[in-house]
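Before anything else, here is the set of structures, which you'll find just below.
There are two complexes below, and they share chain A, which is joined by chain B in the first and by chain C in the second.
== the complex of A and B ==
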C-alpha cells in the first residue's frame, strides 16, 4: 500500500474536508427528498411536527454545518496559513459527529426521547471538539484582521448555541428549566443561525471573494464596523429573546441591516478592484445573497409591529437558512469543491503531465439551472407558506428539491465517486505512476 | 524555505559618491545556488553586470524611476530568457496571484516575451493557472518541498 502525498509543500489536507463536504452533499440530497416526502405537515403549518423538526435539523446539522466544517478545515491552511493542530482528532470527530447527526435525525423523526438525549449529547460533544480544535489551531495563526475576528466569534457562538440546545433538551427533563423553553429556543436559533452561520460566511467572504476575483487595493477599513454592528445586532436579538420587547428586535434588525449594507458596499468595492476580467456567476450570487440577507433584516425590523404570528418568523428562518446561508454555501461550493479536488488530483502533476484546469472540472455556467430551480422554488415556497397555500408549498418544495438534486449531481460529478473512496482512504493517487508519460491524461 | 532574495540598497552610498562594489561582492559571495541578489541603485550598473556575468550570474533590470533601478542577479544556465523573481511565500492569498498578475499585466516585457517571471509560492496557485492560460502565458512548475513551489511563467 502506498501512502498518499500532498499535492504541494503546503497544500490543504484532502481527506478530512472532502469527507465532510461529501457528507454534507449527501445530506443535502436527503434533505431534498425528505422535504418533498414530508411536505404535508408543512402545508398545514405544523412547525412543531416531529418530521418538520427533523427536516430542519437535517438541513442545519446534516447539510449546512457539515459542509461548513469541511470548508473550514480546508480554508485553515489557505486563509490562516496554518495546519490543523491534529488531523487525527478531526478524522475521529467526523465519525462521532456523523453518528450523532444520523441518530438525532432518526430520533426526531420518530420522536424517541431517549434517542434525542443520547444522540443529542453525541452531536454536542462532536461540535465542542470541532469548535475547540479550530480555536486551538487559530491560536497559532498570525493572520489578523476582521476575518479572524469573524471566524473566532463564529466558533464561540457555535459553542454557546450548542450549549443552549443542550439546556433546551434538558428543559424537558429538568422541571426548573421548563419555563424558559421558548427563550432557550429563540436564543439557540439566534446564536446558531446568526452567530455561527452568519459570522462564518461573512468572515471567510473577506478572503474568498478577493481570492476568486483576484482583487486588491480595496478598502478594509469598514470591515470592523460590520463586525461591531453585527455583534450588537445579535446581542440585541438575544435580549429580545429574554425580555420580549419588540424594540429589541427592531434595534437588532436595524443594526444587522446596517452591517449587511456595509458588507455589500465592501463586496462591490472588492468587485471594482478585481484583476479577473469577469466575475463567475456563483460569486455574483454570493453578493446577491448578502443583499438578500439585508432584505431579511428589513423583515426582522418590521415583523414585530405587524401582529403576524409565529408563521412569519418560521418563514423568515427558512428564508435565512435557505435563501442566504444555503445559497452562499452552494455558491462557494462551486469554487471550493473543484479547488479541493483539483489540488488533490492534479496539483502535484502540474508541469509534469498535461492536466485539466480547475475550470475544466465543471462549467460554472451550468450553475444557472440550480439557481433558477432553487431560487424560484424557494420564493414560491416562502410566499405559499406565509399564505398557507398547500399547492404552492408543494410546487415550491418540488422545484427547490429539484434544484438541490441538480446541484448534488454536479458536485458528485466533480468529486467523481469512482475515484473518491480510494482517495479518501489515502491509498491511491489518481495519476500515480502515469505522470512520466502523461499518456493516459 | 532554502532559497531567498537578498536585498541590497546602495543608492545612498552612490549619492554620497562612495564606492559600493566591495559591499556588493560580499553579498554575491554569500549567495547560495538558488538565491537572488536584488540590488537597488541610482543607475543601470552595466560594468558590474559584465563582471558578475563572468562569474555565472545573469541579471534582469527594472527601471523604477529617473534614478532608481532594481537589478536582480541570479544563477541560471538553462535558457536565454531572463527572469524576474518574486518571493510570494508567507503572503496571504490572493496576494501571490495579484502580485504576479500585476507584473504580467503591467510590464510590457513579459507580454512581448522579452522577460519571464519566476514566482516562489508555498503551493500550486490553482486559481492563477486559468488566468495565465487566458493571457497566453506558458508555465513550468517545480515543487522543491519545504513550502516552496517554483513557477516559471513566460511567453
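== the complex of A and C ==
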C-alpha cells in the first residue's frame, strides 16, 4: 500500500513555540511571587523604585512578550500559510533573549547600570532578531488584509519600541540624551504597549476568533478602518509625548476608542455568525477584554483634564497590561497551549488509536477560578493604587497573584512537566511503543 | 473494486479534535472515487484555510482508508473550492455543535 502525500506541513517543531510559552508561564509565576514580595514600594506609590521597574519588565519582557513570541511562531503558519524562514535562528534566539531578560531583571532589581547596558543590549538584539525574522517570513506570504497590516505594523512598532528603550538606557550615561528621558519613556510605553501588544493581539484575533467560534460569512469591511484609527491614535499619543499637549492625548484617546468600538462591532458580528453555539469561556473573555480596552481609552481621553497626575497614568498602564493584554493572552493560552500539546502527543494518531479530544486535556470551565481571582484582584489593586490605600493594594496583589498561580498550575498540568523535557529535546514520542511516525500502530 | 460505503465508514473514525465531530459529518469530504483499480482519490477540505489541524486530519484520512480491504493507494486532495460552509454539516453534526 502506498500514499501520495502533499507537502503541507509548515508548522515549526514543537520545541520552538513550546520553549517560549513555557518560559512565559514560568515568568508569570515568578511575577506573581515577585508582586507580593515587592508590594511595599507599590503601597507607597514608589513607581520609580528599582523593584517596581524590574517587576514591570518581568511582566512585559519575561511574560507577555515571551509568550507572544511563542504564539507568533505557532500562529504564523496558520494565519499566513507560510513557514518560518529559519527555525534555527528562532531556536538560538530563544537562549539569547532569555539570557538578556534574566540579566536585565537582575540588573534592574539592584539598579546595576553596567548590567542594564549589557543585558539591555542583549534583549534589544534578541528582539531585533525576532522581529526581523517574522518580517522576513511575512514577506513571502500572499495573505493580505487587515490581519497582515496589524501583524506587520506590530513588529515595526516593536523594533521602534526597543530602539527607544535602548536610547533611554543610554540617556543615563550620555549627557546629551538626559533632557529627553521623560519623552523617551512615554514614547517607549506607547510603542510597546499600544503599538506592539495592541496591534499583535488585534491582528491575530481576526484569525483566532472566527476559528474558535467556527464563524463564517461575517463582514471584514470594517477591519481596515480599525487599523487606520488605531495607527492615527497611536501617532497622536506619540505627538503628545513630545509636544506635551493634553489635546494630543485626548485626540489619540478618541481615535483609539473609536478603533476599539469598531473592533467590538466586528467581534459581535463574528459571534453573531458563529456556527458553534457553545463558545468556550476564554473566548468570551477575549471579546470582553476588547470592550474593556475601550473603557481604558475613555480614561485616556479624560485623564489629561482631571489634573490627577502620574499615579493615574501608572494605574492606566497597569490596567492595560494586566486587564487587557495579559487577560487576552491568558484566554488564548487556554486554547493555544492545549492545541500545541495535543498536536505533539496525539496529532499523528487521529483515527488510528483511541486518543483524547483537545477538550479532554483541560476543562475550560475551570478557567472561571482564574478569572474570578485575577479580575477581582486587579480591580481591587487598581482602585486601591489610585487611592493609595495600602491594605487594598496588598489584598488586590494577593488575589491577582493567586489567580496567576492557579492559571500557571493549570497550564503546567496540560504541559505535563514529566513528559515535557524529553519532548522539548525531541527524543521521545508520548505514545509508548510507537515511533514518531506512528507507523507501528 | 473498493467498497466506497466501507470507506465512508472508515472516515467516520477521523475526528476534528477541536470540534469532536468526524470529517464525514462535518461535510469535509467532497468526493471519493476510484480512478483505477485499488487506487483511491479523496477530495476534501478543511473548515478554514490554514486550519492548524490540516496535516493531522489529512494524514489520518489516508491512514484510515488504507485499512479498508482493496485499497492499494490513496491520494488525498485538499481543495478550497468550493469553500466549506456550515450548511455542509450533517444534522447530527449541527446538533453536536449546538446548532439544532
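Please note the rule applied: the second predicted complex is superposed on the first by the 420 of 441 C-alpha atoms of A that agree within 3 Å, B and C clash if a C-alpha of one lies under 4 Å from a C-alpha of the other, contacts with A are read in each partner's own complex, and residues count from 1 in each chain.
Rule of thumb we're sticking to: contacts are C-beta pairs under 8 Å (C-beta built on N, C-alpha and C of every residue); 3 or more make two chains touch, one makes a residue touch a chain.
All values reported here derive from a predicted model rather than from experimental measurement.
Set against each other, chain B and chain C differ in how many residues of chain A they touch, and the higher count belongs to C. By the touch criterion defined above, A:276 reaches both chain B and chain C. Look at A:78: by the touch rule set out above, it reaches both chain B and chain C.
Contacts of A:214 after superposition on the shared chain: both chain B and chain C are touched. Chain A residues in contact with chain B (one complex) as well as with chain C (other complex) are 8-9, 11, 78-79, 81, 143, 207, 210-211, 214, 216, 275-277, 339, 342-343, 347-348, 350-352, 357-359. Those residues of chain A that touch chain B in the shared complex are 7-11, 78-79, 81, 143, 207, 210-212, 214-216, 275-277, 339, 342-343, 347-348, 350-352, 357-359. Taken in their complex, chain A has these residues touching chain C: 1-6, 8-9, 11, 77-81, 143, 207, 210-211, 214, 216-217, 275-278, 339, 342-343, 346-348, 350-352, 355, 357-359. Interface residues of chain B facing chain A in the complex, by the touch rule stated above, are 90, 92-95, 97-98, 101-102, 105, 122-124, 126-127, 129-131, 133-134, 139-149.
Within the complex formed with chain A, the residues of chain C that make contact are 13-15, 17-20, 47-64, 66, 71-78, 85-86, 89, 97-99.
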